[in-house]
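Two complexes come next, and they have one chain in common, chain A, joined by chain B in the first and chain C in the second.
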Partner chain A sequence: MSVAVTTDGLGKRYGRRRWALSDCSLEVPSGHVVGLVGPNGAGKTTLLNLAVGLLSATTGTISVLGGNPSDRPEQLARVGFVAQDTPTYSHLSVADHLHLGARLNPGWDAHWAAKRIAETGVDPTQKAGQLSGGQRAQLALTLALAKRPELLLLDEPVAGLDPLARREFLQTLMIAVADDGVTVVLSSHLVADLERVSDYLIVLAAAHVELAGEVEHLLATHRRLVGPRRDSVSLPGDCRVIDASHTDRQTTLLVRTDTPIHDPAWIVEDIDLEDLVLAYMGQTSNVERNRRSGLRVQP
Partner chain B sequence: MTWLAWRQLRPSAVATFGALLALAVALAVTGPQLVHVYDTTVKPCPSIGDCSDAITAFGNKYNVLQQLLTIVMQVAPALLGLFWGAPLVARELETGTYKLAWTQSVTRTRWLATKLAVTALATGALAGLLSLAVTWWSAPLDKVGTNRFDGSVFGERGITPIGYALFAFAVGALLGLLIRRTLPAMAATLVAFIAVRLVFSQLIRPHLMTPLRATFTLLATVNGYASFNGSTSNLTAGSPSDASLQNAWIYSARIVDAAGRALTPQATASACPQLANGGLRAQLPPAGSAGHVHAVPTQAAGQALQQCVTKLSDSYHTILSYQPANRYWTFQALETAIFAALAICLAGVALWNLRKHLS
Partner chain C sequence: MIEFRLDSTSGVSPYLQLVHQVRQALRLGMLEEGDQLPTVKEVVARLAINPNTVLKAYRELEHEGLASARPGVGTFITRTLSDASLAAHGPLRREMSRWLVKARQAGLDDESIEALFRDTFRSASAEDVA
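So, the complex of A and B:
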């Protein structure tokens, strides 16, 4: 597995004491569409800004495509970036933005960019400031992809979009990267945004990697166990309890295991990505928990 | 990168150069008339006699336009600093577009260097053309002015406006980068620019070159007699109408003896008792107006002054400290160069700061 981004003990401090990211060590494999999930303030934006060279690290190291994400044109050309809220020059037209991309990137694919803009149905003469949020995001995505990067980083690209624009954006992203082999990292605080598109997941909470792995593998190795209430449980050796919750009559466990569980005392269920991420972030709300257990007891 | 820098500047550059063009047209229409009036009224007047009325009438011609030009020349460099300098980086930081710019395949150092260079070029060109038009138009008016070093004229003619504009622009760009918000950066730019301009014109400009010194014998047509602080009366030092002093910037004129000691009121009173007598003093023209043809003192007072001056001129003379008129362009070049050098330093600090700290 080749690696697109490696960090080791990476930390970023703002001012004298506010650490936006501390002691973060992770690996982002190349060739995947990687979802970077974490609650607000987990350090996702800081991590991506460090990877693209907009910020420099206070501590630790970060390596992007084997290079230092420094302020060098060759390195900048290899990494595409769509910043949070997809900033564009509001008084410049869409065509101006494409011209900008052509002028500032040696590997610019003008033909592809023009085609992409035509497909999204945006009028090239329109000023970027008059575009809808979805159209602006499409423009920013086109700019980032037409420079033909090896790695594309997207920071909460769909956070400000309505559900329809969200779907369109992710669809075009998938089509765009499908035949390109470009490694994509997109961050979000909502798993639902990433579920459809990413095949690799990194869960970041408080600057620590809580979970990383291919989505299929993660779903295959996590199970929810529901059974009568018990305070101490004995499970097969390779079983690791991620999250446990109890009601008066019932115990619900989320476990990681590589072997099937045959103990008839448990009802074994598959879990979806959202539950998995929430369990790792330790943020499964009590309400949610009670609702689930309530449903189980009704025969 | 040049394209983006120019594309971002273009709308405001077109509007600003348009305004300059409109002003240039107004000046082109009125300029020749001004020359005509000068040639027909002021130029021949010495042969006719009294020039002051012709000069006053000439000075009042296009009074409104003159005042407008004064305002334009004073505020134009500051405005360029405010509207081209301060938002240059601050607006990108505010709106987040720097993230777009800095993630293209161009280093942020080159990004800022190009933006600074392109906008500075437009700033310098604009200030230069504006000053060229105003200097050309004002040439006849400046001929009747006493000296071109005067604060209200020196910074509004020639090449100094270019230096001021470049400096204001660089101040704005740097403060925008440091403060990171456009409006506060604009306010800070205005304050900084005015402060530096004032300090320079008041404290630094007089010391750019060592002034020349010249001694002149006392003359009754030049030296007056006036009271100081209401009590002590003394002979006043004036500047003779010598060719070397034509349109010169006179720092000081003092009456001193051979050893360099200043003429004291007591020495004057003992040498000229009849002048110290209050009756005659009142009939003398007020200090400063000495030398003007139309301010003729009464005969008795005039004679008393003449005697006094003759008597004192044996042991006293006038010492003048001044910058001759032919140093005008040296002063222009020095001041412009200093402001331009300051601008370059500030731009360097901005580039260095962008590399080191904005991350």
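So, the complex of A and C:
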């Protein structure tokens, strides 16, 4: 398995105190569409900006496609990036953007870019500032893809789009994945979208990596257990409680386990991606809450 | 040709939904031996889903002997699901009816019966997997 991005102990501090990202060690395998999720301020944008060399690390290392992110122009040519809110130059026309792209990128595919713009039905003479949100997002995506990158990083590209524009954006993206096998890292709050497009998941929370892995494996190894209230829970050895909640009669757990749970006292349920994301996003606060509620989990 | 759809609220993984839809189309006669399945790119373009999901569904269908890939051409249905198990349906249904009578005599209402069935079904499948 080849690796698109490797980070080791990566950290970024703003000012004297605020760590936007801290002790982040992960590997993004090539050929995947990676969903990057986490609450606002969890470090998603910082991680992506570090990966394209817009920021430099305070601690640790990051390697992108085997090289230093900001090393040389050749390195940048291999990575496509669409920043938050899909920025474009509002006073330049769509055609101007394509000319710029052609001048600035050695591997620019002008034919493909023109065809793509034609497919979206945008008039090339129109100024980017007059485009709808969906059209602007398509323009930004076309610019990023026309340089034929091996890795494409997208920072919440669909956040401000209506459902139709969002679907069209993801269609373009998935066709590019099918055609070129480009590796994609996509940050988003829209888990329903990620459920369709991503096959690898990274959850960031409070500047840390909470979870990373192939979606299918993650869903296969997490279960929800519902049963009568118990304060002291005895579960199989490899079972880790991610989230626990109680009423006076009932206990609901979300656990990670590699072995099936046969204890008949539990109703064992599959979970979906949204359950998984929410459980890990809330984990930090849950640990605190469980300590207060006196829940003890026996290993 | 079959047109795939995705139900994001079903809780069934996208690749399994595709597999189920092919099987269902075969049972209903909407797909027959020799029919071509949409190319991966066609499915991706229509549903905006990860190409690996489609590839995985098609591999599963190949594994089940329902389809086969012809390199450079596409994936084709190789077998019809003429329901050979149809004959077994009658006896199974009668057995289940008898079971239902027993369940009602024991005082279970519709919801309890459904819950019991689903729960037993799930633990049986879980044991098969394990």
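In this text, the second predicted complex is superposed on the first by the 279 of 299 C-alpha atoms of A that agree within 3 Å, B and C clash if a C-alpha of one lies under 4 Å from a C-alpha of the other, contacts with A are read in each partner's own complex, and residues count from 1 in each chain.
One rule holds for everything that comes next: a residue touches a chain if its C-beta (ideal position, glycine included) is under 8 Å from a C-beta of that chain, and two chains touch if they have at least 3 such contacts.
Please read all numbers here as calculations on a predicted model, not as lab measurements.
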Original post:
Should A:Cys24 be classified as contacting the first partner (chain B), the second (chain C), both, or neither?
Top reply: neither
Original post:
So, does A:Tyr89 touch the first partner chain B, the second partner chain C, both, or neither?
Top reply: first
Original post:
After lining up the shared chain so the two structures overlap, which partner does A:Leu76 touch, if you call chain B first and chain C second: first, second, both or neither?
Top reply: first
**OP:** Please work out whether A:Ile267 is in contact with chain B alone, chain C alone, both, or neither, and reply first, second, both or neither.
**Re:** second
Original post:
With the two structures laid over each other on chain A, which partner does A:Val33 touch: chain B (first), chain C (second), both, or neither?
Top reply: second
Original post:
Which partner does A:Leu225 contact after superposing on A: first (chain B), second (chain C), both, neither?
Top reply: neither
Subject >> Dominant toucher of chain A (residue count), chain B or chain C >> reply: B
**OP:** Under the touch definition given earlier, write down the residues of chain B that touch chain A in their complex.
**Re:** 1, 3-4, 7-8, 11, 95-97, 99-109, 355, 359
Original post:
Of all residues in chain A, which touch chain C in the complex?
Top reply: 32-33, 167, 170-171, 173-175, 177-179, 192, 195-199, 216, 219, 259-260, 267-268, 270, 272
Original post:
Which residues, counting only chain A, touch chain B once they are in their complex?
Top reply: 52-56, 71-74, 76-77, 79-81, 83-85, 87-92, 96, 99-101, 103-107, 140, 143-144, 147
Original post:
What residues of chain C sit close enough to touch chain A in their complex?
Top reply: 6, 8, 11, 13-14, 40-41, 44-53, 119, 122-123, 126-127, 129-130
